[in-house]
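Following this message is one structure expressed as structure tokens.
Residue numbering begins at 1 within each chain, and the chains themselves are lettered A, B, C, D and E in the order written.
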Amino acid sequence: MARFLQKKEGTIGQVPGDLVFIGEQKVAEATIRVIDYDQEQLSDQHLQDIKEGLIYKDRSTVTWININGLHDTKLIRELGTGFGLHALVLEDIVNTGQRPRMEEYDEYLFFALKMMRYDEETGKVRSEQLSMVLGKTFLLTFQEQPGDVFEPVRERIRKQRGRIRKVGIDYLAYALLDTIVDNYLFIIERLGERIEEIEDKILDNPSQEVLASINNYKREMNYLRKTIRPAREFILHLSRLDSDLLQEKTLPFLKDLLDLSNQAVDVIDSYRDMLSDHLNIYNTQISNRLNEIMKVLTIFSAIFIPLTFIAGIYGTNFENVPELHFRYSYFIMWGVMIVVAGFMLRFFRRKCWL
Amino acid sequence: MARFLQKKEGTIGQVPGDLVFIGEQKVAEATIRVIDYDQEQLSDQHLQDIKEGLIYKDRSTVTWININGLHDTKLIRELGTGFGLHALVLEDIVNTGQRPRMEEYDEYLFFALKMMRYDEETGKVRSEQLSMVLGKTFLLTFQEQPGDVFEPVRERIRKQRGRIRKVGIDYLAYALLDTIVDNYLFIIERLGERIEEIEDKILDNPSQEVLASINNYKREMNYLRKTIRPAREFILHLSRLDSDLLQEKTLPFLKDLLDLSNQAVDVIDSYRDMLSDHLNIYNTQISNRLNEIMKVLTIFSAIFIPLTFIAGIYGTNFENVPELHFRYSYFIMWGVMIVVAGFMLRFFRRKCWL
Amino acid sequence: MARFLQKKEGTIGQVPGDLVFIGEQKVAEATIRVIDYDQEQLSDQHLQDIKEGLIYKDRSTVTWININGLHDTKLIRELGTGFGLHALVLEDIVNTGQRPRMEEYDEYLFFALKMMRYDEETGKVRSEQLSMVLGKTFLLTFQEQPGDVFEPVRERIRKQRGRIRKVGIDYLAYALLDTIVDNYLFIIERLGERIEEIEDKILDNPSQEVLASINNYKREMNYLRKTIRPAREFILHLSRLDSDLLQEKTLPFLKDLLDLSNQAVDVIDSYRDMLSDHLNIYNTQISNRLNEIMKVLTIFSAIFIPLTFIAGIYGTNFENVPELHFRYSYFIMWGVMIVVAGFMLRFFRRKCWL
Amino acid sequence: MARFLQKKEGTIGQVPGDLVFIGEQKVAEATIRVIDYDQEQLSDQHLQDIKEGLIYKDRSTVTWININGLHDTKLIRELGTGFGLHALVLEDIVNTGQRPRMEEYDEYLFFALKMMRYDEETGKVRSEQLSMVLGKTFLLTFQEQPGDVFEPVRERIRKQRGRIRKVGIDYLAYALLDTIVDNYLFIIERLGERIEEIEDKILDNPSQEVLASINNYKREMNYLRKTIRPAREFILHLSRLDSDLLQEKTLPFLKDLLDLSNQAVDVIDSYRDMLSDHLNIYNTQISNRLNEIMKVLTIFSAIFIPLTFIAGIYGTNFENVPELHFRYSYFIMWGVMIVVAGFMLRFFRRKCWL
Amino acid sequence: MARFLQKKEGTIGQVPGDLVFIGEQKVAEATIRVIDYDQEQLSDQHLQDIKEGLIYKDRSTVTWININGLHDTKLIRELGTGFGLHALVLEDIVNTGQRPRMEEYDEYLFFALKMMRYDEETGKVRSEQLSMVLGKTFLLTFQEQPGDVFEPVRERIRKQRGRIRKVGIDYLAYALLDTIVDNYLFIIERLGERIEEIEDKILDNPSQEVLASINNYKREMNYLRKTIRPAREFILHLSRLDSDLLQEKTLPFLKDLLDLSNQAVDVIDSYRDMLSDHLNIYNTQISNRLNEIMKVLTIFSAIFIPLTFIAGIYGTNFENVPELHFRYSYFIMWGVMIVVAGFMLRFFRRKCWL
């Protein structure tokens, strides 16, 4: 399966708005968790049946319903009908190959984006689709599997830290988006550290492993870029949105979030440039190495080939080779050889090859 | 014939609006198929004569007339006159070298775009021009040959699946466009899988075949990009169009379609970047290989050339070579040779060539 | 003379609006041809004196005056004065180094663009400046030399083919622009065919000729791009122009023209990308070849150098070399050599060099 | 720690607006300095307690409060509360990994940017975060450590040079920004000198050191670009801002500042291009060197290998080698060898290898 | 001193608007020249004291005051005060490191741009700052040294050629700008000719000199681009400016000027592309050469190494080598050698190496 694009086969011409789960099923059974709170009270429960969740729709409290597991299209549909979601929104929720984006509907906003995880062992970034529906008093989130980056936000809700219990549902949505983008930056930074470390290795020892890791980071940076850039776009759009669903006082936070995502995109581009530079330097080092090897070979060959030739001459078995009979010819031969070798060495020194 | 641009020779200065078929005739005889439906009824027939089709023009039912085969300019002209199409539209329909685009007329919208097919054997993407004319109650589609990606849509019409029978002609046009863009994504994904697979091969075994396939995918991605980018542009335009021909409730679907085409263009760009990286890494691997070969050659030469020289010295036939007469000189020579070779090996080990 | 920029020496600080011919004189004497028509009648004549042409200025018929040869600045000035052209327009007409563009004046529109010709022999694209002045009832065209791509348009006028005789002067201007842009596409297509053909040659036989032709096509594509992009820009501007000189019903034709020029620019960019890819692949092929050559050299050297060394050892003339006197030493030597060679061959096979 | 992105670990999901110092603590204790002046009087003092500083908030004099050391979040919070700053602003002040930017609040403007220092020894550019809050009558600046580029501005305030004592707080903010951007240009210029010097070295002696310094300057230029581009963006925004906090007569100065930052970005891009060219030329030089080495090797090998072969032939011990017994064969052999060598030399001269 | 950025050291934190000359003093003493004219009369004089020049400020005639030499800040200040210039304008005039730009003030427009000179010997483009202040009836120009490109304009004023004496001060400013941009094009053309000539040399003989000149032209083109692009920007701005200082009838001339500068930027980009292509082709040629050298080496080695080995075998002194005693073994050896060599040659021919 191509990682940069989810498999679409079999879905061509599918009825738009039809609920067909596209992706890899990562959890056996979908689970539903509802956190409902206002300034005074808080309830946090796991539901067996989504019908119990529908009562929260028109309550004035802040309600966050989180679904883990997207393959249960029946559940998604029930929820969608209950909360009045458009068929296209439901289709997008169960299609994990969505491009990060926002859709504006009258009664709610829909976001699709990616949560990311850096797998230290394979050196690959894994992503999981997260869909959010932000209504007047409810926030629905849809994940592919349990385990997310939202625990600190839940902690803040439970412990009443910060303003989160005092302000509305839009702030909760912001807090989740903020956590996700923070996590992007964290992943970029972990990759970035490794990328910056490579630099010294390239000049010292341009091994095959260094090449493989440059290649790996290039691919991962491309992947991050492809995922984060559209997210940045919709956050920009969100921060300028004039909607009843967003309170005035949440705007500074959205601008802060926009800045964070701008930074993410900037840094990714910096690292991409840096990796291209690394590859260029690596190539140059390989050429330098080749030159060094060739110098050694050339020096050896060029010095000994003429000497061996001279020895060869006097190894011939001609009857009449006058030099063979002179008393000191052997020593003269050695002398000539030393002179020739010395001349060669000087020539190479002049060429800066030694 | 250049694949990236259709042959224009012989058409320079041609009367604009003149019907001259440009392209390769892919079907012996043009065929006409009319699907006409509303919520209650459905008729699906092949016409012998286009005149029978003209009666549908002002009917309130949804009428989809599909023509296979564009070389029959007489038929196209008759149809054009019957449905009141501009001469330029007709010219564009029969010129298969059109750039994907939309033209807005008072009574109808005209789209030209490409249907694509990936030929697994040659590894090439083939494209066929599809023109669409969307009127108030009719949709005309023009293909070069039978065989299209619309079968699932026909199925949905026949089986009354989804909303297609309940809503208007603009939704049908959307459904066809959606099918085509879905197909683009499907083709990109198939190419993408192969492109992602190449990566490991490059590091393991940078063979000539790998190079040829990098080159092939680069060309195909360029071709896809050239075809899909203008399609994306006109879908953007369409999704913002304020026209009587589009109903309010179709807009979310068009936005969805826009997003799909944005994703297509994004992914193509990602794959193009990836292929450039692949080629760079391939080149670097080739250089690495050369270095390895040179190391072997250098080590062999540098060790044996001096040894051979020493042997050569004592192969000379000088009368007076004192060493020849010492009892153990032969063994001393071996000793010297082993020392020299050992010294060379240490030198190469220090250079990290071993 | 630099082909990408016309020589400006001697013209620095020249009075703006002064008529100084800049370029190469390509024709001995300037000629004047007037085609004047309406729906009923047509006259087509060569004038000796431009004064005869001035009578057409205020006639309601469509008048097309074509000048071949720009060095006759006196003639140009007379014409300019007669038709009320701005001094800057006249200066631009006689300066063949103009960048393609449009200028809007109250009474007329001025276009400067290039007609191109592909010289099969030298493989170079030659261009000639074409200036057009579109007034209410007249169209003036200025060429550097006889021989243009307008013959089909004249044919259409003569034979009353299409709408050309029934509509106004703006349609004639459109028809000429259309012919020129069609010709651009034709030239691009001819280059494109050759560029697409190169691809196979690179992988099969990356010869010096292939390199020279990649280089040649790169230069020509740069040249085409530099010439056609500004033309596209002014056609875009023209298609959006709100001017009395353009009739409402000509607009669809201008949009069609715009699309054609968009296509030209798109395809040029595709071919430029393709040529860059070609050069990269070529380089990689050269490296592959070098590797292959080095493998052969390395294998020969590495096999025979040790063998020759062994033979050298037993060619020494030491008095005491015990092996020389064993009965089968010669055959043992052969055996050892075969074993060594076999070992080397296995080593190279394991390295995938054989 | 990745230099291009500050470490974010442990802060994911942190309460937005919470004061957590992110960065490296560079100073033991935070210090507070207040400069308060109008046209007549001036006071410059170090405060022990930030509470003393709060009295300046509503004074009509110009008050500049500078904090060195950001780890003392208690102090920052007190100051923030006293001057009515938004929680997000305080968070940004203590997070040294901020992207340069401006935030507009009703009562004040907030700027975050970087002060830079070029470390001659390591060849690296170091940056320190500077935050500014510009209110109606006060300017707060926050630095990571003592030592800044503002001394000349303080001098101008003390000595009443220029207009600084006569105009408002916005001019002071401008003066500080101007000093910072001037410093950017100074650092770019110092790097630029070195970059321009490299050029000659590349053609003369493309050593490993040259490569390392090209790589170093590339990285530093990337770093400068990443830092200065967002600063330029917010200065552009500032110069177009319609705010009560900026007086009309300060605008020309802001435009001047914008131009300075445009210049900085332009020059960085020029140097980046230059470094890429340098690397290309370096690579080409390495290839040229390799060619030269190979020529020497080839010439030696190609001349002596055939000669050694000839000598080898007559070193064989066959009983019947007729040439061995001719009187002048030894001299004829020499003659043949000289002829062969001469032929080889002529061949190489014709190839331009000598 | 870095050529791409003027030295800023010592000026950090300088009072904005303070007059400090930045640059290299190129002339001993500043000189003042006043040309004052209307349609009837003309005066052209050199002033000793700038005070004499101030009387022209409010005269209705066209007054052009030119200053050569910028180090005399006292003179500049006096002039500035007399003509009511903003302190920042004066600072910009004496800072020769200005980026080309325009500033709009109520009473005048300020332009900073560069005059260029191509030094044939060093192959470098030299630039000199030119500042212009365009008021209602006066034009002030500031140059670093005597010698400019304005002589033809002065000639036109003296000889009353063209419209220059009949129209206002804005036309004079246009005429000077036009002369400067014309000069840019002239310099680009001279460089361009040389760049186009390089092409053939690369394919014929890719010498070190060719590489050095590619490098040189790349640097100069970068320099030109950095200088001309901002000039183009402000000319664009000027041509759209709605200011009392510009008459309606000057606008066509400004548009013409804009087009000239667009052309300059276009052509620079074309030449930059061309130089990059040249460098690529050069590199490929170097690789081709290496391949050719390697082929020769490989062929010689591969043919003679086995032959020498065979000769070596029969040079051994084993007592029992049966072949040595056969009558024709020597000749058989020759036969075997010829066969081996022939086989090798066929192998190389099949590889296309011969």
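Everything below uses one rule, namely that contacts are C-beta pairs under 8 Å (C-beta built on N, C-alpha and C of every residue); 3 or more make two chains touch, one makes a residue touch a chain.
Here the structure is a predicted model, which means the values were calculated and not measured.
Taking the definition of touch as given, a chain qualifies here only if it contacts chain C and chain D alike; those chains are E. Shared numbers divided by all numbers used gives the overlap of an interface; between chain B and chain C this overlap falls below half, so the copies present different residues.
Averaging C-alpha coordinates per chain places the centre of chain C 25 Å away from that of chain E.
Taking each chain's centre as the mean of its C-alpha atoms, chain B lies 41 Å from chain E. Shared interface positions of chain A, i.e. residues touching 2 or more other chains, are given as 283, 287, 290, 294, 297, 301, 305, 308, 312, 315-317, 321. Taken as a contact graph, with one node per protein chain and an edge wherever two chains touch, the assembly forms a single closed ring in which every chain touches exactly two others. Passing around the ring starting with chain A, then chain D, and so on, the chain order reads A, D, E, C, B. Contact residues on chain E toward chain D in their complex (touch as defined above): 1-9, 11-18, 86, 88, 92, 99, 101, 103, 105, 205, 208, 211-212, 215, 218-219, 222-223, 226, 230, 279, 282-283, 286-287, 289-290, 292-294, 296-297, 300-301, 304-305, 307-308, 311-312, 314-317, 321, 323-325, 327-330, 333.
Residues 149-153, 155-156, 161-164, 174-175, 178-179, 182-183, 185-186, 188-189, 192-193, 195-196, 199, 203, 252-253, 255-256, 259, 262-263, 266-267, 270-271, 273-274, 277, 280-281, 283-285, 287-288, 290-291, 294-295, 297-298, 301-302, 305-306, 308-309, 312-313, 315-322, 351-353 of chain C are the ones touching chain B in the complex.
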